[in-house]
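Each structure below appears as structure tokens.
Next, two complexes with chain A in common: one pairs it with chain B, the other with chain C.
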Partner chain A sequence: MAITFKNVDYFYDLGTPIATAGLKNISLTIPDNSYTAIIGHTGSGKSTLLQHLNALLKPSHGEVQIDSRVITAETNNKNLKSLRKKVGIVFQFAEHQLFEETVGKDIAFGPMNFGATQAEALEIAREMLTTVGLDEKYFDVSPFDLSGGQMRRVAIAGVLALKPDILVLDEPTAGLDPKSRQAMMDLFLELHEKRGLSIILVTHQMDDVADFAEHVFILEQGQLIKSGTPQEIFNDYQFMLDHGLGLPKATQFALKMRQQGFKVPTLPLKEAELVDLITKQLTETEQ
Partner chain B sequence: MKSIEVKHLSYRYSADTELVLQDVSFNVAAGQWIAIVGHNGSGKSTLTKNLNGLLAPTSGEVVINGTTLTEDSVWDIRKQIGIVFQNPDNQFVGATVEDDVAFGLENRQIPHDEMHRRVKKALSDVGMADFATREPAHLSGGQKQRVALAGIIAMQPAIIILDEATSMLDPKGRSDVLGIVQALQTRLHVTVLSVTHDLEEAALADQILVLDGGRLQATGTPKEIFSQVDLIQRAGLTLPFVPQLTEDLKTSGITLPETYLSEEELISALWQLHSKM
Partner chain C sequence: MDKLILGRFVPGDTWIHHMDPRSKILISFYFIAIIFLANNVASYALMIAFTLGVIFLSGVDQKFFFRGVRPLFFLILITVLFQLFLTRGGHVYWQFGPFALSQYGIISSIYVFLRFMMIILMSTLLTLTTAPLMIADGIEALLNPLKKLHLPIDQLALMISLALRFVPTLMDETMAIMNAQRARGVDFGDGGLMKRVKAMVPVLIPLFVNTFSRAGDLAIAMESRGYNGETERTRYRVLQWHAVDTIAIIVMVVLTAALIFARN
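Let's turn to the complex of A and B:
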């Protein structure tokens, strides 16, 4: 399932004197079964763009095509339900949205809303609990007795319970400890690789962009200022630095090596690539 | 002079539960930066709450600037400790940035002129002077934490505790906040205790305490701690980038004599190897 934006503008408070542009002339395609990163500073329009991905917001001008549905300013708010089922959004600090008495009921809430019987919904919930890597013993526990990382997993299970084709993640690992962070990034990769979900990741972590994304979109003040593969965007390191976006740690390290006098023909993005580069440098001169 | 002394501290939440802190002892000299590291649930937060009397030790004692923490001394001791908490949104009471910074001073009945002077100074120390009359809700996460920090600086505490204070911030917000704390530590000679699971932040400390399962597993300088890869893994943490790279280079056969903390240190060690070949 692909998503295409064609010349999308979005204005907050359109038609009032305080109208402000949230998105300006955005055109982009997020292909089927892809892993996409969206980066940009606070206030760059990332969240506004996210809300267009399942028609929580509709473009002021232009159109958003989600699968075969075309969303424009005129689109009726009815009949959007099926769309929202296909594109699941996990918002920042999703654990704040938990509300049910038990973990199981919280995860089952979505499917029941979409017409599943209680028995069906609870069965899906049980399956999703294991999918996100939580033990079944938590099923009847209050979500509020869990740790922050566990609570966030429950919230993600609640979105996965709708069996979306596309999973949108807004800063999913913010505030987690390193172990939970790693486990969560591994989970998303597994959902992408083994279950064919498209992942759209909003992040400030350039290492995550380098390690996971196939394609990157960069937003600034509501506009798309750059897009490409991680290799392409980080090769243009001066652009990334000028826009205050930073670099993966391995890339930054390699640039400093270059300044020192080392030969760095291609910039590494990942730590393993950097280790290779250094090992080669130090063994080749030996010969 | 010792700023914080913790002697055989143990703590349990109620008589029928297990100890969450077991026989923890350490000292922090005045003006030092110390990091307490551990994964979620390792006992870090419980320890912090024991240091300012939000919790009372089950056994053992806490001594702050020479005074033992008791029911009688707790109010005086709290005046010497300022804490910046994790969530920037949970620590605002004022309608504007300057009101918020003034809140603690008003509570202590600091004279009006003195209060204005301190608020102004504190906001300029954290680089937020231009935002004095703004609403806190409209600031970014990093700016909010800087305002929270200003509220603490204005109280002139001897000890600043950062309780996961940077874990919700983006990389820029994080380095801004840590840079300001470093500058304050040098200039005002305050003791800084940062409670964190982020070893990049811990790398700034003079000493690191590793906590796991409520017990102190190790203490040492960042270099000493980061050279013990097993210890870090057992404690559920991950090495910062440069020490991790050093380890991986060693594994792939490059001889590096020690653990490096900064990019510059490691690059110059690699350059030396390169030149010798």
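Let's turn to the complex of A and C:
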């Protein structure tokens, strides 16, 4: 299931004196079964873009095509529900959406909204709880008794329970400790590789972009300023630094090596690639 | 949700904007009080002219004022209908049981409507041209004499400013939670009244929980910066009485005189 934006503009408070542009002339395609990263500063339009992915917002001009559905400014607000089942969005600080008495009921909330019976929904909830790496003993616990990181997992399970084809993640690891962060990123990769979910990840972590993404879109002030594979965008490291976006740690290290006179033919993005590069340098010096 | 006018301050550079919040609050209340003195066409015309005049002076787009009226539309409508059909007197045009359409009924319903509109427009003008924190400062200054009665005015003012400060935050948070629940298949605009009320539960519970935890954090942050309700605090923004304020007071005196002259 692919998502295509064609010349999408979005204005907040359209038709009032305080109208402001959220997105300007965005055209992009997110192919089926892909892992896409969207990066940009706070206020660059990332969250606005995300809300177009399941028609929470409709473009002011232009069109968004989700699977076979075309969403324009004139699209009726009714009958968008089926889209929301296909595109699951985990918002920033998703733990703020929990409200039910028990973890199980909260995860089952989504499926029940889409017509599952209570028994079916609880069945899915149980499965999702373990998928996100929480023990089954939490099933009947109040979500408000959990730690922040656990609550985040429950919220993610609540979105996974919709069984979406596309999973959209808005800074899913913000504020988590390194171990949970790693576990969570591994979970998303597994969902992508084993269950064939498309992942759309909004992040400030360039290491995550380097490690996981297949394609990257960079937004600035509501405009798409660059797109490409991680290798392509980080090769243009001057651009990334000029726009204050940063580089993966491995790339930063390699650039310092280059400054010191080491030969760095292709810039490494991942830790493993950097290790390869250094090993090669060391063996060459020995010879 | 974003149509709520409360706390929607529109910055500007006009006489109205530059007035001291104390005089603005006093004058708004005073104006609302003297509206009830108007009792004939001439006096209502005078008050309407004044209201439109200050709205024009404020330079704020009329659209904002209409948005202020919209949420109260039904209240106005019902009150006006009551006046229209339940007031007796003068020539009766139509009658059915306890309801009657009479000459006095028509006149008094028009007056009630105008009174409502003026009260709403004036209070909207106050909140549109005064930053929420300035209103809080103004209220505090005006309530200051009550300290002699050992009323906790400082704390009250702090509560008002905190409440005003968090209105936009709560709005944003409500929108964020609604979006998250929409993404989980909630349809807020769908179904009958009961279904719609039920759909708000997944929004209200997280909102309450987050608000309580934020209030706790805020209290700790304030205490760690040495806040103490007992001590006298100095302030960063000191209210200043300008010439505009004195002029405004004079205008109100003239208006009152004209009003008393115009009414019968």
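What we mean here is this: the second predicted complex is superposed on the first by the 287 of 287 C-alpha atoms of A that agree within 3 Å, B and C clash if a C-alpha of one lies under 4 Å from a C-alpha of the other, contacts with A are read in each partner's own complex, and residues count from 1 in each chain.
Just so it is clear, contacts are C-beta pairs under 8 Å (C-beta built on N, C-alpha and C of every residue); 3 or more make two chains touch, one makes a residue touch a chain.
Because the structure is a prediction, the values reported are computed rather than measured.
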First (chain B), second (chain C), both or neither: which does A:A19 touch? neither
Considering only touches as defined above, state whether A:Q281 meets chain B (first), chain C (second), both or neither. first
Quick check on the superposed pair: does A:G246 touch chain B, chain C, both, or neither? Answer first, second, both or neither. first
Kindly classify A:L98 by the partners it touches after superposition: chain B alone (first), chain C alone (second), both, or neither? second
With both complexes overlaid on chain A, does A:A73 touch chain B (first), chain C (second), both or neither? neither
Shared chain A contacts, counted only where both chain B and chain C touch the same residue: none
Of chain A, residues touching chain B in the complex: 42-43, 147-149, 174-175, 177-180, 182, 204-205, 244, 246, 249, 252-253, 256-257, 260-262, 271-272, 274-275, 278-279, 281-282, 285-286
Which of the residues in chain B end up touching chain A in this complex? 39-41, 86, 140-141, 164, 167-168, 170-172, 197-199, 236-238, 241-242, 244-245, 248-249, 252-254, 263-264, 267-268, 270-271, 273-274, 277
Going by the contact rule set out above, which residues of chain C touch chain A in the complex? 2, 61, 63, 173, 176-177, 179-187, 189-190, 201-202, 205-206, 209-210
Could you please specify the touching residues of chain A with respect to chain C in the complex? 13, 16-17, 51, 54, 56, 77-78, 81, 84-85, 88-89, 91-92, 94, 96-99, 109-110, 113-114, 144, 158-159, 162
